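In the part that follows, the structures are each spelled out as structure tokens.
You will see chain A twice below: alongside chain B first, and alongside chain C after that.
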Partner chain A sequence: MSEMTKKMQEIAREILEKGEAQVVIGWEKGTFWYLSPPAFIDKPEDVQRLVWDDFCHNNLSKYLVDLKNHEGKTAVFVKGCDSRAFNRLLQDKQIDREKVILIGIPCPGLLDQDKAKELGKNSELPKAQKCLECQYPNPLVYDYYLGDKEALNEVAATKEAADYSDVAAIEAMSPDERYDFWTRQYDRCIRCYACRNVCPACSCRECVFDQTRVGWIGKANNSSENQFFALTRAMHVAGRCIECGECERACPMDIPIMLLNKKLVKDINELFGEYDAGVDIEGKLPLGHFDKNDPEEFM
Partner chain B sequence: MSITEMPQNWEPKILVFACNWCTYAGADLAGLSRLQYPPNIRILRVPCSGRVNPQFVIRAFQRGIDGVLVAGCHPGDCHYVSGNYFTRRRYLLMQRLLQYVGIDPERFQARWISGSEGPKFQQVVTQITEEIRAMGPNRKLRDAQ
Partner chain C sequence: MKTILKAKLPELLEQLAKEYKVLVPAKLEGVSRFAAYRENLELALEENVTMPPKDIFFPQTEEMYKFKSKDQSLEIEEIPQDEKLQVIFGVRSCDMKSIDCLDQVFLTKGFVDPFYQDKRDKSILIALSCVKPMESCFCTSMGIDPQKGQGADIQAYDLGEKLGFEGITERGQEVLSKVSGMFAEEDAAIPSIGEFNLTADVEGLPEKLKDMFDHPIWDDISRKCLNCSTCAYVCPTCHCFDIASEVRGEDGTKIRCWDCCMVDEYTVMAGGHQPRPGKKERVRNRFLHKLRYFPERYNMLLCTGCGRCVVKCPVNLDITNVIKKLQEA
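After this line comes the complex of A and B, so read on.
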């Protein structure tokens, strides 16, 4: 058992025994060695289920939306991306800060699950793409912190510049090539909505894609409807995407969803000034306000 | 008939989202002034350019529109004070996103046309119609394959 797992179990037990929170959300070992799905612990004797390893990908802040009407407090473990998701939801007034206890975990970067499945247990596994590009590996907000604070500052200092070379590669194509590329990707989509369900920016009480009577989107699974879905979702999370990469990981058809999201992040940075969602809860959302001096192209 | 082959006597279909307070009045002025503009446009009056949901645009392409124009009041002139500033942010992004997924930039445009700019309305829709005519029918995002 790793040091961090031990610390997690200790603090979860303490919180549950003292009655500080009714539920602790963490990760446990799943069906396979490369899966660590979320765990909801409400009894002190269950804390040994909690685990911290290289596959704790799930963004746990998302589950706070489901638990927002629960009585009492919820404790949740947060990595860097989970804490940004938490800030984001807080900014949207989706959750009550008073009802949540955050336990921060410094994240060294997690391993690629697909590669793990492919290569097997005893091989050298690469880091997940989202973790290679991560700019905030440390929790930005927490009540308790597991791990040492000096390491925290060290990692914070090495914040790397965002890499948009994959977006630029697509931008360099001709319009027809781009269309063919995206049609190929989204023809695979089975519209399971796993990307939406796992996304911490998708917190609408009722999603447009579920409002079948309104008729925004047809039930037919074809190229056109799938792209309607993709573009609509990209626009809906524009300015709110924290780039946790969960959509892409959850996608059973391996659609590069983050390529769309990153394009929007890149454009927002270029057009309206640098903005990292979920970092500063006081700031306004890029599409939620305007500036009279915004670029003018519509004259 | 497949949409990939060029039908005979094909005419571009262009959807214009016109804000009630400026562009619709501008279009009206173009008509009152007897300014000729192509009959290929369909005007859809909206209370404000800010009312135009990005999904409206994608839906138009799905259902066979060849080009979309979103038009509203000049910045600073919005009847609702700030609607068009939000439109500007939204469609600066949307335009780039559509281009990113392979839609030609000519097919989706946005313009500011005020109530007194009848000639500008005529000139903008003529120009867009000619651009789209030269490009041919839109096959991208279409739901009838």
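After this line comes the complex of A and C, so read on.
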């Protein structure tokens, strides 16, 4: 058992025994060695299910939206990306800070699940793409912190500048090439909406894609409807996407969804100034307020 | 048994494609699925395909008919169907069984679905035996023989370097006779299947579930579910659909599309009442349908152990684990 797993179990036990929270959300081992799905722990005797390893991908803050009307408190483990998701939800007043206990974990970057499946247990595995590009591996907000602050600095030191070369490659395409590229990607979309449902920025009480009687989107699976879905989803999370990459990991059809999200992050940075969602909760949202210096190319 | 070198398979398919529409497991844009055979298609025969053969008979979006309404008149225009027979090569045993499940729904108990029937009647199925289970497979737990596809017209066997073929139905024999010159006739031992990594004990489960509708276990099972439709849409047996009209001015098309019991709209009533408001009710319905309601109506489980949902679920809500929890509850 890793040192971190031991610490997780200890703190979860303590929190449950003291009654500080009624449920602790963490990760546990799944069906295969490269899966560590979410776990809900209600009883101190169940804490041994909790693990911390290279595959704790799921962004747990999403579940706080489910639990917002529950009585009592929820404790949740947060990596850097989970903590940004928490901040975002807090900023949108989706959750009550008082009802959540955050347990921060410095994240060294997780491993690529698909590669793990493909290459097997005894191979050198690459980090997940989303982790390679992560700017905030350390939790930005927490009530408890597992690990020492030195480790925090060490992890922080590994972060590299944001790399938009993949977005630039798409931008460099001609409009026809670009259209062809995205048509091919989204023609295989099965519209299961896993990308939306796993996304901590998708917290609308009623999603536009579920308003079928209004008919914003047709039910048919075809290029037109799928691309309408793709673009609308991306635009709706623009300015709120915390780049946890869960949409792309969850996609059963391996659609490069983060490319769209990153394009919007890049555009926002260029149009409204550098902005990282879920970092500073006091600041104004780039797309959520009007500034008279905003670019108005269309006027 | 009729045998052919695997290397010669494209030639065989090429030959068949002259006469039939031929569908084969292939990798297209990174996803493996059944696709119309063409030269240089990247065949996917190492493992079962990500998308099951379900959509060949029951497409995600099916145009049922077109209509034109003007003043008081209404014209209905049928959609012409493909007349050609289709040969579907490389269907694994789990997916063969899933076609049996779909047949039950769309062709029995006095309800015949013409759209499904039409495609089904035109299909000649070549089942393909498995040599090595994938780590997510558990078909044997579901009473399926991975080396014999139920309802196959032709059974193909993976013999390592070669493929073996056995005509089973008259239609199957006829297909083989069209390419008989390409085969050698020899005795061949069918390799034994390797060990299964996953198992599920379904003994007595449909019966046990009769009293478990209100069991607290459903709260526990459903908690991590995201209520997306991934499991249902990669499932070879899930068959729920929704019918809608696409209308532009006077012209319209009736379409039916896959639907899923995980989503809100699936059960919402006229007037807005939602009898399955949350994760618990929806997840419970999914598993009760597979493990109790379907066996009650058709005397078979609605899970074939293909393992697709186990692999694709974003939160690893694993049906074998659910079965274990239900048995232990």
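Here, the second predicted complex is superposed on the first by the 293 of 299 C-alpha atoms of A that agree within 3 Å, B and C clash if a C-alpha of one lies under 4 Å from a C-alpha of the other, contacts with A are read in each partner's own complex, and residues count from 1 in each chain.
Please note the rule applied: a contact is a pair of C-beta atoms (placed from the backbone, for glycine too) under 8 Å apart; a residue touches a chain by one contact, two chains touch by 3 or more.
Fair warning: this is a prediction, and the values are worked out from it, not measured in the lab.
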{"item": "Which of chain B and chain C A:Asn222 touches, first, second, both or neither", "value": "both"}
{"item": "Which superposed partner A:Phe40 touches (first chain B, second chain C, both, neither)", "value": "second"}
{"item": "Partner chain(s) touched by A:Leu132 [first = chain B, second = chain C, both, neither]", "value": "neither"}
{"item": "Chain B versus chain C as contact partner of A:Tyr179, first or second or both or neither", "value": "first"}
{"item": "First, second, both or neither for A:Thr31, with chain B first and chain C second", "value": "second"}
{"item": "First (chain B), second (chain C), both or neither touched by A:Ala168", "value": "neither"}
{"item": "Doubly contacted chain A residues - partners chain C and chain B", "value": "218, 222"}
{"item": "Partner chain A, residues of chain B touching it in the complex", "value": "54-55, 58-59, 62, 75-76, 82, 85-86, 88-104, 110-112, 140-143, 145"}
{"item": "Complex contact set, residues of chain A against chain C", "value": "30-32, 35, 37-40, 58, 62-63, 66, 184-185, 187-188, 190-194, 196-198, 210, 212, 218-222, 246, 249-250, 252-254"}
{"item": "Residues of chain A touching chain B in the complex", "value": "170-171, 175-183, 208, 216, 218, 222-225, 227-228, 230-232, 234-235, 238, 260, 263-264, 267-268, 271-272, 286-287, 290-292, 294-299"}
{"item": "For the chain C and chain A complex, residues of the former touching the latter", "value": "28-31, 50-51, 60-61, 135-136, 198, 220, 223-224, 226-230, 232-234, 242, 244, 246, 255, 257-258, 260, 263-265, 279, 310, 312, 314-318, 320-321"}
